[in-house]
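Before I ask anything, here is the structure I am working with.
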Amino acid sequence: MIIVLKPNITKKEEAAVLKEIEKLGYKPHVMRGVERIVIGAIGDERTHRNLETLMTWPQVENVMPVQKRYKLVSREAHPPNTAINVRGNVIGGRKVQIMAGPCSVEGEKQLLKTAEAVAAAGATILRGGAFKPRTSPYEFQGLGEKGLKMLDKARRETGLAIITELLSEAHAELVAEYADILQIGTRNAQNFQLLITAARTGKPILLKRGLSMKIEEWLLAGEYVLSNDNCNLMFCERGIRTFERATRHTLDLNAVALVRERTHLPLIVDPSHAAGVRSLVLPLSLGSLAAGACGLIVEVHPDPAHAMSDGAQSLDFAMFEELARQVRGGVGAKA
Amino acid sequence: MIIVLKPNITKKEEAAVLKEIEKLGYKPHVMRGVERIVIGAIGDERTHRNLETLMTWPQVENVMPVQKRYKLVSREAHPPNTAINVRGNVIGGRKVQIMAGPCSVEGEKQLLKTAEAVAAAGATILRGGAFKPRTSPYEFQGLGEKGLKMLDKARRETGLAIITELLSEAHAELVAEYADILQIGTRNAQNFQLLITAARTGKPILLKRGLSMKIEEWLLAGEYVLSNDNCNLMFCERGIRTFERATRHTLDLNAVALVRERTHLPLIVDPSHAAGVRSLVLPLSLGSLAAGACGLIVEVHPDPAHAMSDGAQSLDFAMFEELARQVRGGVGAKA
Amino acid sequence: MIIVLKPNITKKEEAAVLKEIEKLGYKPHVMRGVERIVIGAIGDERTHRNLETLMTWPQVENVMPVQKRYKLVSREAHPPNTAINVRGNVIGGRKVQIMAGPCSVEGEKQLLKTAEAVAAAGATILRGGAFKPRTSPYEFQGLGEKGLKMLDKARRETGLAIITELLSEAHAELVAEYADILQIGTRNAQNFQLLITAARTGKPILLKRGLSMKIEEWLLAGEYVLSNDNCNLMFCERGIRTFERATRHTLDLNAVALVRERTHLPLIVDPSHAAGVRSLVLPLSLGSLAAGACGLIVEVHPDPAHAMSDGAQSLDFAMFEELARQVRGGVGAKA
Amino acid sequence: MIIVLKPNITKKEEAAVLKEIEKLGYKPHVMRGVERIVIGAIGDERTHRNLETLMTWPQVENVMPVQKRYKLVSREAHPPNTAINVRGNVIGGRKVQIMAGPCSVEGEKQLLKTAEAVAAAGATILRGGAFKPRTSPYEFQGLGEKGLKMLDKARRETGLAIITELLSEAHAELVAEYADILQIGTRNAQNFQLLITAARTGKPILLKRGLSMKIEEWLLAGEYVLSNDNCNLMFCERGIRTFERATRHTLDLNAVALVRERTHLPLIVDPSHAAGVRSLVLPLSLGSLAAGACGLIVEVHPDPAHAMSDGAQSLDFAMFEELARQVRGGVGAKA
């Protein structure tokens, strides 16, 4: 930690800060500048008490951390890329993995038809929400366990692995029984009790970025998973909330590149939620993969015009086939 | 709903849209403009299927809702202000209510001392976190049930009512046993399962605004509480996340005024989290009350320089007394 | 400046950094931490070359400034409040000053009628745009010099001082001839050539905050005015751009309080642009003054329903009288 | 325009709105809904008076535009892509164009060396700022005309075309004399007088997106150029301002895809400013091109560690060669 003192403080005020730093287990190191005194506090910031309380001291102007706050997810801790094996599909390896399927599981026919179509086009993992978090209580909330059973059937018929959202600690056991990957949604990205519960199921986890989550917070949320003994974590950039109104969210391409640089874990992009409109899904997909994403999670519906949720951003089968074709032909994940 | 068609579409494409609108239970009404055809779909948007799926139709340029999506929280539904009685203290009435106390319950002595000080200065409700949601898994997570028992003791000794955070469905029964008001925190503001569970305890609920929650989404999250048969809901503006880095968050004064205009429910402001630095807590408090807030929730600590969380934004006792004095002397809540 | 080196670098890499720091005129001061080496560079950051280029060095992890970048506008440089005298009206003194008038000068009758009404209600300064910056080239661009002459006439008839926008270096001489205060608009807040030109006219300047301007950047833009020998500067918070869509902009109440703390210059609030809707103008005004603003700038129109710009946020005469009455009766600027 | 009336208004209040709509030259069309009356106003919104003033009417709840506000830049107006020829280099054609060079022209040697290096690697246009807009008045402001002469010399020696920033109306003639493309910077993106002045020089213009400019506003700023008889306009996405602090700005990949969809004009990406750190420049470049950008503008410096501005985000020659190599080998602009 670096502690900057205010200009013109007394010797006694300075001494009090030094004493406090020592009391908290750090070794203080004083630098007398032109206008201000700056103190370096030597010690591991992650194992000692936080010095940020010094901010409240009247003689202190600023306190700045020197170390990164996350450990287990960081590339410093684990330099090579981590790959996750889900039913034989390697996420984070050389092959781009495509997860695809409807926003909501609406019925068996809708789901099976979609599963067959996306499998035929090259997807390896089927997405589909059985429990749906909806902004309004008056909107369709998902089929629940019935939806999970349909996902299971689709898996048996197509060989696709299953990713579905977990949105309540109370459902963890149930959802983990059916899912190959647990998705933690945007609105629960800092629901830490849910993250801990999900981690403890032992299932691979895909952690969507919160609507206005800083990358550091996102990595720290991931730290909740790894520090609960689950290393099978993927991050998923799905667009952040900005002032822009022409698109639903803003796909943060910097985050794609930066998460690959800072962590060893796979990074998936959800172009459907980022765009909110289907015509942008293809260019966002190609751009994300070229920038380093390991995979995509895409909304596909047999009849987007009649989808019960997210129809505007869902691809129909033909559009998905074209996307899969261009992804295969083209850009690969960066190692 | 208003449906705007693209320029130069065929009669057949137009007819298909009209048919779909009728199928979903609305009555279509066509207006032929200079460049575009616009269709009004007549029907209650809150009880019929959403027409936004029409956005996916190639001949459709835009779909715009006409009605507000929230009902029970709206002032249209209930024109007079709603007041909530918590152990004899009326929130949303003529008197400004001040909730005050430490960020975290750290120990019995710290809590009792604070409770006595804030009660003496005029606070009527004691805040204090027993379960703490922390950005990093390596930070202090709260004392849990031990902390709840300390809050209970402080209530018995001072007569203050208790507000404390609920952050897990699994704790709902336990926390409701001790608390007079359940606080739903910023990071759980769209954790709908938690909102439903909290509502069903029957306890009054204070719903903090999410970090980047639109006012409409906030009101809809409140709708989850009221539609689960709990009318004792307060909204709490606590600063939103913006690009500004000089303060921790940005206190959205517009939201204070707008929520008072749009809903009948009380609006509380948390100036401590909004500012992130204690020197701004007083001006933000006075400003918020002058703009229409019914009360404040303020972080107070006997020794902010040694607080286990949020020290930088906590007031000491003298600062809190000054704040309470200025609030009493001055600005009142707007009716 | 604090320079944080990466873990595990060589002695030679460290020595190169130290040499560079000395070359740029600073004295390096080395602290060896648990994982990283941290170097304090002692010297005045505002008069020496910037050390941020060290960020590009492979062995450097981070570079953090210690000093504030602004000088002349800071309260450290000038502890007491600065007040500005405009035709006998003191801005930044004990009395709240209200600037009011139409968004655009639309004609003589509209302007004079408004001027008389706002003067009668207690305003001391008349606002009105003669040159209008409009988002679209197809919108009304203002009456230009004809509008300035009307403002002059209104001043002669009512005794009100005049504030009007300067949006082009080419107009500086002309606008300064008519105006008592030059307004620099939101979209030109970092048009530094315009700021320099405006400063050199010697007229008092009101500097609106840019749509997404950090407070530090705003103060630095003010520094352009003071360092060009013009001390008569006011800052004007007018709402920032955020994700919220229910209001036009977001009034940043923190900025009101913080600018008062950090600078000696007066802070004015524009509740009309912050809200974008007239019903919120009164509560935002009262809240802003209670939080420390020295004055208001409010849009008023004889017939908002037919205004050529910003009608939705303009008050009619009756609403403005009520606002002026409540401001007088109530909350004063904080010293 | 669609005008939504409030619930429960009188016949007389409705009639007044209808009369006003007719007075402004539109034909009203009434739809009686379940709770509200909705009126369609038929007429060209771009040539008639704006109906948004109706928002101020007490009986009106909402006014919604139906048409897009921009014309000349829109793909509806001009379906095929527009390409711009700059000294024989076609921007917006099949070949990706790379503009590269230092942030600031610092001296002849620095510039010539860079020009030669980027030309050798495949760049066709040399960037370099002679007039620099700097956040603080105490930072290096550029070499002015001396810098322009150096750019001219570099053009003669390498054959590269020149792009440089215009930041003052007063410099327009001078800068246009030397530059092949005039760059309008982020902070001047809504400096409409500068846009008009730049357009009238007849030179091709590269319009950077403002820090928090909505895409619609950006296109409307472009409309200022085209409506002043200059069709040689490029848009440049350079990152927007968001809450994220780990990177300097946020590259809005949606904007890249959307601007290509909505307009016929070329879209260039500036990965250097978007990232703020050189290690991300390569992945952002590849991602942007894969998503549809026609070209890049990249900061390159012979010795980034000693650059006078933007060193942290500048590539050295080796990094630039690698970028150019990967761009050539790989992803092309989408037609």
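For clarity, chains are labelled A, B, C and D in written order, and residue numbers in each chain start from 1.
Rule of thumb we're sticking to: a residue touches a chain if its C-beta (ideal position, glycine included) is under 8 Å from a C-beta of that chain, and two chains touch if they have at least 3 such contacts.
Only a predicted model underlies this, so the values are computations on that prediction, with no experimental measurement involved.
Undergrad: From the centre of subunit C, which chain's CA centre is farthest?
TA: Centroid comparison gives A as the farthest chain from subunit C.
Undergrad: Which pair, A-C or A-B, has more C-beta contacts?
TA: Contact tally favours A-B.
Undergrad: Indicate the whole-number Å distance between the mean C-alpha point of subunit A and the mean C-alpha point of subunit B.
TA: Comparing mean C-alpha positions, subunit B is 25 Å from subunit A.
Undergrad: Taking each chain's centre as its mean C-alpha position, how far apart are subunit A and subunit C in Å?
TA: Each chain reduced to its C-alpha mean, subunit A and subunit C end up 38 Å apart.
Undergrad: What residues in subunit A touch two or more of the other chains?
TA: 212, 241-243, 245, in rising order.
Undergrad: Considering the complex alone, what residue numbers of subunit B touch subunit C?
TA: Within the complex, subunit B touches subunit C at residues 212, 214-216, 239-240, 242-247, 249-258, 260-261, 274-275, 279-280, 283-284, 286-292, 330-331, 334.
Undergrad: Inside the complex, what are the residues of subunit A that reach subunit C?
TA: Contact set of subunit A toward subunit C: 2, 4, 7, 29, 31-36, 38, 40, 42-44, 62, 64, 66-67, 76, 212, 241-243, 245.
Undergrad: Once bound in the complex, which stretches of subunit B touch subunit A?
TA: Counting only subunit B, the residues touching subunit A are 20, 46, 50, 52-57, 69-70, 133-139, 167-170, 187-188, 190-194, 210-212, 217, 220-221, 223-224, 227-228, 241, 277-278, 304-307, 311-312, 314.
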